[in-house]
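I've put the structures underneath this note.
Note that chain A is present in both complexes that follow, paired respectively with chain B and with chain C.
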Partner chain A sequence: MLQELVDRSPEITGIVLASLDGFPLQYASRNTIDVDRQAAVIASLASLAKRSTQMVDIGAPEEILITSERGRMFIYRIEDLAALGVITAKDITAGMILLKIRQMLPFLVEELRREIETFGGRL
Partner chain B sequence: MKGYREILKDFEAISGPIEPYAQVLRKYAEKLQEWDDFFAKAFYDRLYSYEGTAKVFREGEREEREEALKIWYRKTVSGDYDDAYWEWQYMGVGIAHVARGIPNEYMLSAMSFVQRAFMVKVKEEFPPDEAAAIYEAFKHITDAIAVLIAAGYMYTYLKAVSESTGMSLQLIDRHAVLVAKSLKESR
Partner chain C sequence: MKEIKLVVVGLTGSGKTTLVKHASQIPVVETDERSLRDIGKPTTTTALDFGAVDMGDVRVRLFGTPGQERFSYMWDDLLQGADGFIFLIDGSDPESLEAAREMLRTYREKTSIPFIVGITHSDVPRSMTPEEVAKYLELPEWAVRGVVATDRESALSLVGYFVELLKKGGRYG
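Then we have the complex of A and B:
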């Protein structure tokens, strides 16, 4: 699923799906990345965002956007199942990317739940 | 993270049971407890004489610290340990050290000093065979305590990071493993 999204979205350079304890579950990338470290960092950012929004009582975070010098990163906490990091070029139409990710999320949730059932309750 | 009972169980499996050594200390407790003033003075003379440990203390608190150490020492050489005692070593002392920024290397160095000072004192005061048995008992018990304090320190530290960042202990472990692997590869 992730590879398919990268293939049909030239503005996306990579996607990493991580378990909440920081292990890579799936990834697709146009560039070489240290997926182990990236997965742990994405899970951490998702945790930090959740804790931060809890502290100011604004509900669970829907997404985190990091804009850097040469790109952007969108991070999502997918329920209490996983964290997703999507890396893109900087000059993108953010709305289009958000739409694609949000369309993909329900399918990812479904896939994750199937895997949890298959692997006996944990990813 | 393990509780103190599990840590003590591991300690006893690896290093040896606590009770036989506690019995030795119980036998000599009355005499050993008389040394509380000597230990409190020797301990804080040493810590106040080194810049790294001296800066941990607040102005004018030496007397209070000495009294606290005397309580710890008397209880430790009593040979009577209940759950509250071990819990105090694990969480109470561990938390206090994190709160004051006293790292484990200071704690372990200070415990080494206490053990050596005890050895010198016990050799002065008892015949060689008895002195060896008493020292061995004190060393074993204070080693168990050092293990608990070190584990309590680590637990408190990790819990603080986990609580403030929302990262689970498993996720923090994952980072540690990945960074350790990377450090190992770069050596």
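Then we have the complex of A and C:
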């Protein structure tokens, strides 16, 4: 599913799906990435974002955006199941990624639940 | 008020988050998430713990680290500007001792700031004693203390002991 999204989205250079405790579950990327370490960092960021928005009482984060010199990274927490990191080009239309992810989400959640069962159904 | 920064380190399950929670006077920031793998407890720290406690004329800022190796990128960041670290070992789990010794060695290679070792689960029957662990780690006995991290008074006493040592300027290693 992630590969499909990368294939039909030229603005997306990579996607990493991580468990909330920082293991890589799936990924697709045009470039080589250190998926193990990236998954850990994505999980940390998703967790930190949740805590910091809780502290100022503005609800759960919908999207975390990091704008860098040559690109952007979007991070989404998928229920209490996983965190998704999407790496994109810099010049993308705002809201576009969120839209694409939202469309994919119900399918992803279903797949995730199945995948997580293979870890012993601890979620 | 003088401020000091202490970092709580150790293997997963050694009791870092528990210690920070029980020693802190302020609501703690913790980043525990449900663990996918069976690590003997339901959650694990994914970024850091943060708490603070005033001890006499010093404000102690306590930073807990994630114990699992994949989050080790946080270790160096959290050590930045630290005045000392508390290395925790689960005293009820002798099998973790060798891995703990390795991890302590890693930290001592990273930094030369003062540290003490806390033996958690001291309330559990047949737990290792601080003396035994000190011998195994080849540390002076005063550098290794038992603690019950789930108990506020005991958690505070460990932190307080270290703060007193730091005030005296005790360095070793």
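In this section, the second predicted complex is superposed on the first by the 117 of 123 C-alpha atoms of A that agree within 3 Å, B and C clash if a C-alpha of one lies under 4 Å from a C-alpha of the other, contacts with A are read in each partner's own complex, and residues count from 1 in each chain.
One rule holds for everything that comes next: a residue touches a chain if its C-beta (ideal position, glycine included) is under 8 Å from a C-beta of that chain, and two chains touch if they have at least 3 such contacts.
Everything numeric here is computed off the predicted structure, so don't read it as measured data.
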Which of chain B and chain C A:D80 touches, first, second, both or neither: second
Between chain B and chain C, more extensive residue contact with chain A: C
Partner chain in contact with A:R37 - chain B first, chain C second, else both or neither: both
Which superposed partner A:F23 touches (first chain B, second chain C, both, neither): both
Contacts of A:S9 with chain B and chain C, given as first, second, both or neither: neither
Chain B versus chain C as contact partner of A:I116, first or second or both or neither: second
Partner chain in contact with A:R51 - chain B first, chain C second, else both or neither: both
Doubly contacted residues of chain A, that is, touched by chain B and again by chain C: 20-23, 36-37, 40, 43-44, 47-48, 51
Residue numbers on chain C that touch chain A, as the complex places them: 29-31, 33-38, 43-44, 46-47, 66, 68, 70-71, 73-74
Sites on chain A touched by chain B in the complex: 20-23, 36-37, 40, 43-44, 47-48, 50-52, 54
Footprint of chain A on chain B - complex, ascending: 164-168, 170-171, 173-175, 178, 182
Chain A - residues contacting chain C, complex: 19-23, 36-37, 39-41, 43-45, 47-48, 51, 55, 80, 116, 119-120, 122-123
